[in-house]
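Common to both upcoming complexes is chain A, partnered first by chain B, then by chain C.
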Partner chain A sequence: MFLAPALIIAVLFHLWPFINTLVLSFTDARALGGGSFVGLENYGRLLEDPNFWLATRNTVLYMVVVVPLLVVLPLLLAVLVQPKLPAIGFFRSVYYSPVVASMVVVGLIWTWLLASDGMVNQLLQALRIVQEPLPFLTDASLLLFCCMLVTVWKGLGYYMVVYLAALGNVSKDCHEAAQVDGAGPVRRFWSVTVPGVRPTMFLVGLLGAIAAMKVFAEVFVMSYGTAGPGGQARTLVYTIREVGLGLGGEVGYASAMSLALFVLTIGFSVGYLRAQKAETP
Partner chain B sequence: MTTRSWRSGLALLAVTTLTLTACGLDSGESDDTAEPAESAAAEEITGKITFSTLQLKPTFTEYIDGVIDDFEAEYPGTEVEWIDIPFQGAQEKIATDASAGTLPDVINLNPNFAQPLESEGLFVDLDTAVPELREDYVAGAWDAFQVPSQEGSFGFPWYLTSEVTMYNTDEFEAAGLDPETPPATFDELYASATTISESSDGEVYGMHPALENRFMLDLAKEGVPVLADDGTTWTFNTPEAVEHVEKLAELYQDGVFPPDSLTEDHAKETEAYQAGQVALFPSGPNFLTIIEENAPEIAEATGVGPQITGASDAANMSVMGLMVPTSSENQATALKFAEFMTNAENQLAFSKIVTIFPSVKDALADPYFTDDSDGTVESKARRVSAEQLDGAQNLLPVQYDDRVKAIVVGKVQLAMTGDLSAQEALDQAVEEANAVSGN
Partner chain C sequence: MTTSLSAPAAHVAPQEPQQLRPDRARHTRGGLVLRYTLLALVFALLVGPFLWQFLTSLKDSSESIYTPNPIPQNPTMENYRTVAETIPVFRYIGNSLIVATSSALLNVIFGSMAGYALARLRFRGRTVADVMFLATIIIPFEVIMVSVFLTMRSIGLVDSLAGVILPTAATGLSIILMRTAFLGLPREIEEAAMLDGANSWQRFRTIALPSVKGSISVVAIFAFVFAWDDFLWPLVILKNPDNYTLTVGIQYLSGTFSANQRVIAAGTMIAVIPLLALFFSLQRWFFMGVGEGGVKG
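The block that comes next holds the complex of A and B.
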């Protein structure tokens, strides 16, 4: 009885749309009309669609770059702001503030910073590191890299809080014992802190990977909806939106793409959890 | 598999499902049979109708409410419920409404939004329903709601705009160009832009390409047959189009366009002109008001010339229309309301609030659009734009939807960066656009 509200919401807004997407992926449904069963045609089309493979490559690359950074950097940040020093709350709030900012606003701010006449390029030129402005927003590879940095920058605060909670559970006795044995701060970090927060690191890695696979807003906002020249910085969710939305949207094909993303994500998650299990003594 | 493994597997499935269901899309199946409502034949103007517009609230709330009040007073027993849809996401809402058979009785769309719905036979054919009204409207505007290889016209033309060439006279003078003689052709436009860029030594760019807004339109102006006559096959990879793309690539690489303009849109072009970063700004005269509000100094220096035309010598106009779905249960009242909203008196009043143009010939003949004796740039822009409307057409093919646009613009971007030749870019764009359009 108490479970009913949560169960109803989960079924209506999560399970049912998922089943609907699964069914639609075997049809030629469009935004207007269609809907006939076409078997595996949409999946066959995926295999021959260069945009799908480009999006898959970019999405996997995104995950490969972003996840290690999101696992390590927030941990270092958490260690930095963990001590109860005067005004440390201020710094914690500052680091957390990007998390509560809208992704669109964050994207726009970074777009201004990274424009050819933006602050970053002006700084690089003033320091004579580059002669000409770098095409951060008009070179597909640089654009994708900049989007990754924005994702990491925005996610730092969130995972920092997760790590702060985990750090609170690391035994002080172990730290003191290590200190007595002559271990310095770096040694204690590797030998006491990291093992103590290892399960949290796995959790952060999994959440970060799933978030990276769903990346959309960064790429969309920072490229003015184009995913860079020729759409070459496209990600899977960007491509799903492009294919499925609008009055000419191919809903069936976009659903097949969504299912491919689902399989990719769950495949990675299973592998990741198995790796964690193997690591756990 | 052990029970624990099953549990872990199910939990993982649930978590991943929760995180990914946002990517799922609702059914696109349509059960709308598009049957004309029985009341279509009824002539009685009464009852309640719904009327949807595209992003007119809150700026024009007073005007629209006033017209609705006048209609309800003139036709006692009628009631109009007004719904305003933000432009962003409008297509998705309309598609959902169309699939569910719940389109409003009168719906405000542009020709590109309307075309997929018209092709499905979802709107009343006005050539059949109200043939006597055709002559009242500007011909090109009425024809904008036709579908290639399909009989009929499906929308009451509402407000129009027709691009003019705005330019910064200070930058013209500084570059040694005549500020009283704006460019009139593409060759003159690009030559002026190049002169300004070169003379300012990189401080000011000649112009912004705004590819998503202008590329296909410019090809049509250049006389490129962008679509085959049957309206189903894209054919814009002609030698003239290749030449046009090569010119764009040359201008981009020579620094006549801003470096970031490659992926930027019309909104960024407007910002760049207001900031004094670009000197030429071909756009609708309605943007003059925005420039005046945001950058009075730039507005002060702005001159206005006629729309840039190419080999076809045709001028373009943008059209907004009002459609009546065949699923409307009160078609008679809906048709009468759409006619009322677009009549000369109401359109003239609307045009005096914002720089748009009426689609009814009588209203367009008003001195408000022909007299620029006050010497202001606004009245000149109004006169120039209104003069163009007589022979103007909606040159942008109605089949040029967001997906085709993304393909075309993407390939042109690659040609501009030198990653593809102009011919390769256009050949690939035609092939992919035809695949997306189902050809």
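The block that comes next holds the complex of A and C.
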């Protein structure tokens, strides 16, 4: 049977765990035993858990900052590397290289650049922009912000390639007609390119948003596993791991939190696709 | 300035027909200068950090790593040796190779089998199968991670490489990519083979599979890179430092060695250089994969 191996994996490691997560979220299961039914207790606890709200706020904030940047910057980059010019293929390839690196590698590289005695601070001090080194990694808000920039930095090349495929389909005639009519490059970008790749912009927005909701490695690596002072830069996935797989192993409670993440992701996606449908005539 | 200059431009996206690209024949000199200036600026922003890290990894302990001069005065491999003395880095490389290679192989085998069934075969319950595979794409792994850990514990795969590999052994994306590839093949040859008495396995092995080598490469490469780079799941399931994959091992190194940037830099280079080499030698498959995966997945 052709489907058997893939189906077994899907059931054993995706569907069954999902059902199990649902069930466990109504119990007080711990890593070592337990598991009696407690009704909605975990969900009630979620509503009163400041860490959960902090994580949710940070995760949503992450999305709000990262998504517009990931929709716009790679498009500009794609336009930059689109024409056939000498060495342009080289630039395309090089721009993609952060995508193939692991987030652990990228995170550690930026940890070094952003350290209090790191390159960025040295530069800022040499240029007399700041007197004291900026606490990029030791201030929770700055840390979260730096993680966002790292996410964007690593994602640029990926979405650039997605846009390049779409740009290939933007009508050449429209560009030429606009040019004949005397439209400059900026005008042509707004009136020809942007409408042409609009569906792709929506797609990139959705992919970027879903990725942003699952953010973990950036924050974990750049804070040496602490999510900043007092865990103030925590994200939802960070908190789920801490609660469910940490020393306490509160599996039931972590399951409820996982489902909150699931509802957030799916809710957003459905709302987003509805909004897109309403926009497109 | 005309397009006659464009001959050496590397062809990175072979599936993309050239004539669709707007051909702006009239690049002005000023426009070109501006474009290349911007290209160089972005180049510095995206490559600079890698380069800075690489140069840091070559500086010996007598030299300051804080100087604005990025070029090492006495380039040394000492930091790489220190990495090998601090963590069992060859073991980690081996573990990552096992995980990434197995994941690539299993995704190709299972993904193409399932993709073929969904594209060509008639059977009962195919809607159910469709929905199941769709669900694996819609449910983020992070949501079920705690529960998958419990499943792994009950089948005794915690702290094993098999436990790292299995959840990603047949991803929804691989199945979709392979299904799309098989749907693109003409049906006639397979129908002729069917009349000649070839069963579905023979048709799959000898006719369909050899025709989709491009998609197989894409699936293999993406599975390999994903598994090599993955961090969260190996971090969750591997307990004993001897079993770590390279990403978890490098993070562990940075935790225990956070004072010595040179050594951490060397560690990150060990993790990233093989992948960059893979990327630059096989780049057209990477771009093809983004095109297909990004648009359809």
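Going forward, the second predicted complex is superposed on the first by the 267 of 281 C-alpha atoms of A that agree within 3 Å, B and C clash if a C-alpha of one lies under 4 Å from a C-alpha of the other, contacts with A are read in each partner's own complex, and residues count from 1 in each chain.
Here is the rule we go by: a residue touches a chain if its C-beta (ideal position, glycine included) is under 8 Å from a C-beta of that chain, and two chains touch if they have at least 3 such contacts.
None of these values were measured; they are calculated from a predicted model.
Chain B versus chain C on the shared chain A, clash or fit?
Because the two structures are overlaid on the shared chain, the partners are seen to clash.
Tell me the contact category for A:Ala254 with respect to chain B and chain C: first, second, both or neither.
Both partners, chain B and chain C.
Now for A:Gly225: first (chain B), second (chain C), both, or neither, which partner does it touch?
Both partners, chain B and chain C.
May I ask you to decide whether A:Leu7 touches chain B, chain C, both, or neither, giving the answer as first, second, both or neither?
After superposing on A, A:Leu7 lies in contact with chain C but is clear of chain B.
Return first, second, both or neither, reflecting whether A:Val197 touches chain B, chain C, both chains, or no partner chain.
neither
In the superposed arrangement, which partner chain does A:Leu75 touch: chain B (first), chain C (second), both, or neither?
In the superposition, A:Leu75 contacts neither chain B nor chain C.
Does chain B (first) or chain C (second) touch A:Ala101, or do both, or does neither?
second
Just chain B (first), just chain C (second), both, or neither: which does A:Glu242 touch?
A:Glu242 sits against chain B, while chain C stays out of touch.
Can A:Ile266 be said to touch chain B (first), chain C (second), both, or neither?
In the superposition, A:Ile266 contacts both chain B and chain C.
Look at the residues of chain A and decide whether chain B or chain C touches more of them.
Comparing chain B with chain C, the partner touching more chain A residues is C.
Considering only touches as defined above, state whether A:Thr138 meets chain B (first), chain C (second), both or neither.
In the superposition, A:Thr138 touches chain B alone.
Would you indicate which of the stretches 19-27, 145-153 or 325-333 belonging to chain B has clashing C-alpha atoms with chain C?
Between chain B and chain C, the clashing stretch is 19-27.
Return the residues of chain A at which the contacts from chain B and from chain C coincide.
Residues common to the chain A contacts of chain C and of chain B are 10, 13-15, 17-18, 20-21, 24, 115, 210, 214, 224-225, 237, 240, 244-245, 251, 254-255, 258, 261-262, 265-266, listed in rising order.
What part of chain C is in contact with chain A in the complex they form?
Going through chain C, the ones touching chain A are 3, 5-6, 8-13, 16-18, 20-24, 27, 31-32, 35, 38-39, 42-43, 45-47, 49-50, 52-53, 56, 66, 68, 109-111, 113-114, 116-118, 121, 123, 129, 132-133, 135-136, 138-140, 142-151, 166-167, 169-170, 172, 175, 200, 204, 225, 228-232, 236, 247-248, 250-251, 254-255, 258, 261, 264-265, 267-268, 271-272, 275-276, 278-280, 283, 286-287, 290-291, 294-295.
For the complex, give me every residue of chain A touching chain C.
2-3, 5-7, 9-18, 20-21, 24, 77, 80-98, 100-105, 108-113, 115, 117, 119, 122, 126, 153, 156-158, 161-162, 164-165, 167-170, 172, 175-176, 179, 185, 203, 207, 210, 213-214, 216-217, 220-221, 224-225, 237, 240-241, 244-245, 251, 254-255, 258-259, 261-262, 265-266
Inside the complex, what are the residues of chain A that reach chain B?
Touching chain B from chain A are residues 10, 13-15, 17-18, 20-21, 24, 29-35, 115-116, 133, 135, 137-138, 210, 214, 223-226, 228-231, 237, 240, 242-249, 251-252, 254-255, 258, 261-262, 265-266, 269-270, 273.
Write out the stretch or stretches of chain B touching chain A in their complex.
8-9, 12-13, 15-30, 91-92, 94-95, 98-99, 113, 116-117, 120, 212, 258-260, 262-265, 268, 401-403, 406, 409-411, 413-414, 416-417, 419, 436
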